[in-house]
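Both complexes shown next keep chain A, but they swap its partner, so chain B is in the first and chain C is in the second.
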Partner chain A sequence: MLGEGILKGMAETAKNFFGSYFSAERLTTVEYPEQRVAPFEAARVFPFLVFDQENRDGGGPEWEAGMRCVACQICEKECPPKCIYIEKSKDKKLDYLGKAQYYPARFDIDISVCMSCQICVEVCPFEAIKMDTEYELSTDDRFGSLLLDREQLAKSNEYYHQIHPTEASAVDTRLAAEKVKADARAKAAAQAATAKAVAIAGEGA
Partner chain B sequence: MSDTQSHSAILADRLEGWNRPTAIVPQNEGELLEVAMGPHHPSTHGVFRMDVALDGERVIRLRPVFGYLHRNHEKIAEGISYLASMPYTDRLDYICPITNNWAYALAVEKLTGQAVPERAEYLRVILGELTRYQNHASSIGFLIQEMGASGTPLMYAYREREKILDLFEELTGARMMVNYMRFGGCRVDASQGWLERTRKVVAGLAGFADEFDRLLSTNEILMARTQGVGVLRPELAVNAGVTGPMLRASSVNYDIRKVDGYGIYSRFNFRVPLGDHGDVYDRYMIRVLEMRESIKILEQALKEIQPGPVMDPKAKIRGLRPKAGEAYGRIEAPKGELGFYLISDGGPNPYRYRVRPPSLINLTVLEDMCLGVNVADVVLIFGSVDIVLGEVDR
Partner chain C sequence: MIETCDQIFVLLQHWLVSFLPAAWQQAAGVLLSVATIVCVFPALFAVAVWLERKGLGRIQNRIGPNRVGPFGLLQPIADGIKSLTKEDIVPLSADAAVHFLAPVLLVVTVFMGFAVLPMGRNMVLVDMDAGLLFYFAMGTSSELAVFMAGWSSRNKYSLLGAMRAVAQMISYEVPLLLSSVVVVMITGSLSLTKIVEAQNHYTWGLPHWYIFTPWGFAGFLLYAISTTAETNRSPFDLPEGESELVAGYHTEYSGFKFALFFLGEYVAMFSISGLGTTLFLGGWSAPFSFLTWIPSWIWFFSKLMLSIFVFIWMRGTLPRLRQDQLMNFAWKFVLPMCLVNLMVTGLWRFMGEGWLRWVVCSAILIAAYAGLGLGEMCKQRLGPRSYRYAE
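Now for the complex of A and B:
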């Protein structure tokens, strides 16, 4: 019969239309500004810099003192659209292992260029740069407010735990293990030094 | 051209053969109307222009004009490291980024002789077939939209696509710009929960294919509009290098998953659907059938996947410097043969980086399919090619 296919299609449409009143399966949209879908844990938007809360080196604001970044500039080099700008500091300060390291005197990310590929996160050996999930970032200023500086990029480790709990816990475990190892190494070195000193003293006597 | 040559003789001359001279506006042809369809024509899938010359309603010549979305992908890739090109490949065919990642990773793996762990191969197949499913669903939606069914089938397709994109986002962190594959595996492993959710989504996909069939396949208007329209002869399709569903709709049995057996496709049991007539309806039908075959592959892969590493621990990702040489990696992307050709001179970035995009090469036969048809069908034929301008212009 001519028109049978059309009628069958119409029946399908009607099923979907009336179904949307009864089953959540058929109702697929949310009313955006009032309702929001929670982002997935793996979701990524733009990078941010992690700082640890405990103030290690004294002086300066908390975000600056605890920043994990050591200005090694690997992310700057690997960034595909080249949107990271880093200037290394002249002096050094202690990092979480108690080792003297440089820190970024300037760390800018141009988020109008950034393409959220997370390669900077992947290549960072210091767990210093991570991806944020904040997506409502529109501004009316085209240039200035899209170039984020150190202070705007710095977010606490607690915040990192909030947005990516599993990943952040894994990072914390790894860093803690590294610290234990570094401490052990430092202790062993200290012991060796004292033993050597004792030995030298013994030789002298 | 002599004055005595009749209109129909000119038209016949124009319709014959592949190697005709470039279309010139012929004299003595009566009133000829030149129309620029695009770059902002509502039917075009992006910024693409078709300059058509019309004799009444009939198309006498058609010239595709593209390049509006040129982003210099190949040259940029020659200046940056191998890893840094990976996120750029997402942006070629932005409807199916996973397969772009896969083709590029395959090319680099061929160049360096890198092996891929088994679980990563399975994950690639699962993601690749999900991509094929959602690409075909939305491309049919677009095709029907261009026929005038404003929105309904497209929105149904998008409802389904959204479920698949949610899986992508959960695994890779982004719905479309996934940046997921690496040379020697995949970036992150899929959790058991993710696999369970994928199984649930895949179980629902067959129902959606049935729904699409009931909604469209026997629709009289769709059949009247598409059957016998835009016929692509198999000889021409082969000569022009057309690949993918378009080639198979012209009854040429060529699927790189079968021919090349890249990855682990030889382990799966699936058929390659073939068309009979090579018209728009066949291209539509081939896509519906391929969606069903994708479900079969997905079910097998999800059953067989075993735990294990997803990344070769010895694989070098950052600072990759392959030995001097060349490699061509190709896969059956949803739109056709997607290939990456790389030449390395031993340096940190490729000496030559070339993409063989299926969309661009399938588009070269557009004029041959459109000559002599009504102008309303041009939109339909163009829709049935299934292109993405990000890949055509690169």
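Now for the complex of A and C:
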């Protein structure tokens, strides 16, 4: 019958109208500045740079000394909107494997250009850049304040554990395994070197 | 005491006017009533906007405005201040004079309608013999304002919106008039005060409102459909269609002129709901004879707000119609139903008292509804979609 659907729809909306006064779980929104929804683990907004507190080399503040980034510039090249700018350092610092690496003398991300695609995170071989969940980034200065520098981008590994616990643990396991392997290799190399030295010494004698 | 409460505004007016010399009294009385109308309905507009935003929010399981004042009650004031402080932009190529006149004309014609609406016992500004005719003459002029706005803006969206608005308003003007003619046929008068008087008596405590007769019920539904289209409310909001036409005919209006359009739209909704109340819902009369001690103006405004609530409820429920559906509905369903209703009303008038006329009239209306509804409106012509391109 004509008009039946309209009545059905009106009944549905009336149910919503009165229901929203009686059951709070019907209300799907929260009153934002006072109430917040906890961010989902897989949420991503803009990238940040991870630093480790335990591995540090060189002077400077904690965030600068422990930064995982080695300024390989892969992310800079892969970034689709080209919002990353990196300047490589002149000198080298030891990384967590004890290997001498460059570090970024400058690392800028223009978050007004960034499109949150996470490609920089996927291409990074050093687990140095990850996605943040911080979304309250509004500012009254649209040029200066939206260009984040090294210091603003650097966040500790603990922070990474807080926002993405599963992912961060997986990363830590992988890095630890690599370190064990590297240590073993170094040991083997050292043993071989001593053996060689002994052999040379023996020959000489 | 009851009498005083009922007539409080009339007495107040007489008292205020009595301070003036006799020659000025009549003019001052009229001016005072006009000023009251011009203040009360914009105030009601603010309340209705708040109600609409809250109601739509609740219908969509949201809370609605809750920032300005308690429960967001001051939101309309904030909106008003905002629209007053905005820049008034007139497009360079616009016809400045017409562009300026359109909102003014809209508001003026919309407010003119209230002149003949009885808002309570003895509370009518001009008790015109042809009040209904005057009302429709004023209501129809607002279409001119809409087209002036769309045409003078020189913008494709404005023009498209105005074209749609005019096509829609003219199509629904016919059923609007025909659905109210039935009331005139029974009452035998075009005067709105006489129409209310005719409905203001009771049998067994129940009122003789026209909505409680078969032709009145059908007439009221047809009237409600036509008014929804006439005031461009959802689901007939094609002229504004914000998802396709930016804002329709008032795209190029900003600041206070836009606020005037917004106001005009809502006040038109009040005025047309007021007319529907007068014609079918007994105007200012109480719904039960034992409630007649409540002042008449309270009844009028409660019925008005109830209609506004139904408008909001429908807006929260129905999606927008397509242009062809809108036109088909007007010409193939609403108009034939109005004509059938006219005939049924004549039958009712000449069949005399008794239960037989109830049965016959209801049967004819239900048969017409079923026939037209199933035959024309529910037929679905589905098939492969064909495209035509310009060559």
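By our rule, the second predicted complex is superposed on the first by the 194 of 205 C-alpha atoms of A that agree within 3 Å, B and C clash if a C-alpha of one lies under 4 Å from a C-alpha of the other, contacts with A are read in each partner's own complex, and residues count from 1 in each chain.
Going forward, a residue touches a chain if its C-beta (ideal position, glycine included) is under 8 Å from a C-beta of that chain, and two chains touch if they have at least 3 such contacts.
These numbers were taken from a predicted model, which means no experiment stands behind them.
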Chain C versus chain B on the shared chain A, clash or fit after superposition: clash
Chain B versus chain C as contact partner of A:Val198, first or second or both or neither: neither
Partner chain in contact with A:Arg44 - chain B first, chain C second, else both or neither: first
Touched partner set for A:Ala176, first chain B, second chain C, both or neither: neither
First (chain B), second (chain C), both or neither touched by A:Met131: first
Touching partner for A:Gly3 - first (chain B), second (chain C), both, neither: both
Touching partner for A:Ser116 - first (chain B), second (chain C), both, neither: first
Partner chain(s) touched by A:Pro80 [first = chain B, second = chain C, both, neither]: first
A:Ala100 touches, of chain B and chain C: first, second, both or neither? neither
From 128-136, 146-154, 236-244 or 290-298, the chain C stretch with C-alpha clashes against chain B: 236-244
Shared contact residues on chain A - chain B and chain C: 2-3, 6, 9, 12-13, 16, 28
Chain B residues within the chain A interface of the complex: 80-81, 83-88, 90, 152, 156, 159, 162, 166, 169-174, 177, 179, 187-188, 211, 214-223, 317-318
In the complex with chain A, residue positions of chain C that touch it: 55, 58-63, 66, 313-314, 316-318, 333, 369-370, 372-374, 377-378
Touching residues (chain side chain A, partner chain B) in the complex: 2-6, 8-9, 11-13, 16, 28, 40-44, 74, 78-80, 115-119, 122-123, 131
Interface residues, chain A side, partner chain C - complex: 1-3, 6, 9-10, 12-14, 16-17, 19-21, 26-29, 31
